[in-house]
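Pasting in a structure now, in structure tokens, and then I'll have a few things to ask.
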């Protein structure tokens, strides 16, 4: 099965598509990084984005929560629909949409001046939400459980966020993201800075999370995509080359470029 | 509790965000107001003065006596006094500063650099009144033993002490530019068979030339604007001379002299300090802009 | 000639001498001052009031004045300086106007302090009718140290890695909240250090205070913002300007107190920085 190569008319929206991009272009200055990406990401499940360095995969997911434009001289055009609403509509406040589309970064970045507990609640505090102690406790426990970190830190919640190991810090960042109850979670190479054991713990976590959340995962590790992703998209120099069910993309790729990348002819 | 907005995604940045941005911007703009304020104040009073005293009288006279009954308005004595002390200061600080910078950059071990640089910052942080006291009570008496005819107030003593004061500026900035010369240039010279000394003198220092010039210019600017050392040790006698042994008065010391007195505001005498201040401001402005320009050339990204 | 074997050693020695001469003079200066001051240093001197008789003169009004000035200057300079630094570092897009503001700030950092005195005289003392009061003095000094505060605050903000701003934005926070809750706490050590150094600069300044007309003989403690005042460097200047040798001893003693105060402030800055850095585990 191959990707939707043509643009679907907006009337026929698949019920289960959480995110849909339409002709998405992105630039750094005058350099075009994404050259018209159109794809639909279904609800619940992991969609992996793979490709060699510089293919635009990180830029792509950063466009999904409008983080791309935070960097000076960066811009994007096109449409990105979240449940039917165009995120790039001029009247949209990017801060609002980022509460519904969360992000986990490559290098774990818990806030150093905050404890573990405060880190989990950071998103809420930063958005000015007020909650009394009982509610906060519940949010912290729920998020840390979902991130499979609760048992390890429940007795040391007041310690600084940075006192944890690398893998634990990344799960803390995941908990911080989940505390916002987003609909979509974007992950930009979340395990590339971690050791294999921490990596496999997070991959186990993804199997759990994908039941409730729509996850878009950028990875340079094809085996990881094969292990966790339901669907996989292959990018090459700013273009979407192939997109489909992971098993089929890896075993019977439709495009030669995909096959070359997967078999390691270039990387 | 999760603040997902009820209107969905369609809200503009909150009022608070725009308000904060505006507040912060106005504080940044305050700096422009300060400069504008300085210019307006100085020009306003100077213009008022020019209405009473025509401009040519400032240039054509070699005496400065606006506080006396018989008033002369030649600015040259004050300018002369300022430049005499500044020249002496530079004469002391530039060779010492440049050589010291060369030592730190080319010959010193990393550990020595780490100790010396904070000590130099210490030197730069000493209040100038301390230097002034030192010039009057130690340097002048010592020099009087060596130089016959040295008055208790003179240009030499504060000049030398000012040199010590601006030494850290010149040394530190020069050292930055020397240090910034790429190792590849030094290696190229050594590989051609040049000795280390020749490399330093013929390659490194010339390459760092604009940075060193910037350091000197900024030191110069600092010396021109220096007040307390000269107010205490140089005297209050405006004199059109280049003799460093006699009392003189600098532009800055004149302003202090008038401020200490009982000059009522709005009078001619009062206005003269603003005219002198305007001249001083223009000198230092020119020097600072040149210095900033030069520094930007050697260390891109610095201001 | 440059390639002769002894030439480098000679040059190296010359450079070393050049480095040590000013440092040696600094030591001589300190030693001379401390030894001159020795007879006068006493508790009575520190808490006494000025007097016509040098042996009875004291520093208390000057110390009080300097203390209040320092606090007031800090209170005025920090909010404005920090706000300006935040704007320039976090909000302003590179543009001609931003460039002008930056050049302007760097120029203001190099304007002689006596010119700030002239500005303060005309603006605060005359136009705003604040007379020769504490608040006029503090406002003048605040303008003087403002460029320093802006520059050091900007450096502190710049030292916070971008990834933390990203993390906060990705959680859906508006920019000012990310600054308030994430960036400022992390840059606090640097900002406070810069502020303390600015205050140290302020208490050493004499010329601007003379220019705004701060009286040099004050025999009472300032009791309000509008009160006339004196300050430590002013008192020292007053004593230095007297011909009697006894007053020179007072001046030396005043200098000792001033230098000790400055060392304490610098020490405070260093300690505070170390203490706050521990809260920020990078």
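Points to keep in mind about this one:
Labels for the chains are A, B and C, by order of writing; each one numbers its residues from 1.
The definition used in the following text is that contacts are C-beta pairs under 8 Å (C-beta built on N, C-alpha and C of every residue); 3 or more make two chains touch, one makes a residue touch a chain.
On a predicted model such as this, the values are computed, not experimentally measured, just so you know.
As a matter of contact connectivity, taking subunit B out of the picture leaves the rest undivided, in one piece.
The most distant chain from subunit A is B, comparing centres defined as mean Cα coordinates.
The geometric centre of subunit A is 49 Å away from that of subunit C, both derived from CA atoms. Subunit C has its Cα centroid 16 Å from the Cα centroid of subunit B.
We define each chain's centre as the mean of its Cα atoms; on that basis subunit A and subunit B are separated by 55 Å.
Shown for subunit C are the residues in touch with two or more other chains, namely 174.
Chain contacts: subunit A has residues 95-97, 99-100, 127-128, 180 touching two or more partner chains.
Touching two or more other chains at once are residues 13 of subunit B.
Subunit A meets subunit C in the complex at residues 65, 67, 70, 72, 95-100, 102-103, 105, 107, 109, 111-113, 122-123, 125-128, 160, 162-163, 173, 176-177, 180. The touching residues of subunit C, when paired with subunit B in their complex, are 2-3, 7-8, 11-12, 14-19, 21-23, 25-26, 28-29, 32-33, 36, 79-81, 83-84, 86-88, 91-92, 100-108, 110-119, 121-123, 126, 143, 146-147, 150, 174-176, 200-201, 204-207, 210-213, 216, 233, 236-237, 240-241, 248, 251-252, 255, 258-259, 262, 266.
Note for the complex: subunit B touches subunit C at residues 13-14, 16-17, 20-21, 23-25, 27-32, 34-35, 37-38, 41-42, 44-45, 95-100, 102-104, 107, 116, 119, 123, 125-134, 136-138, 164, 167-168, 171, 194-198, 200-202, 218, 221-222, 224-228, 231-232, 252, 255-256, 259-260, 265, 273-274, 277, 280-281, 284-285, 287-289, 291-292, 303. Subunit C makes touch with subunit A in their complex at residues 93-94, 163-164, 166-174, 177-178, 181-182, 185-186, 279-282.
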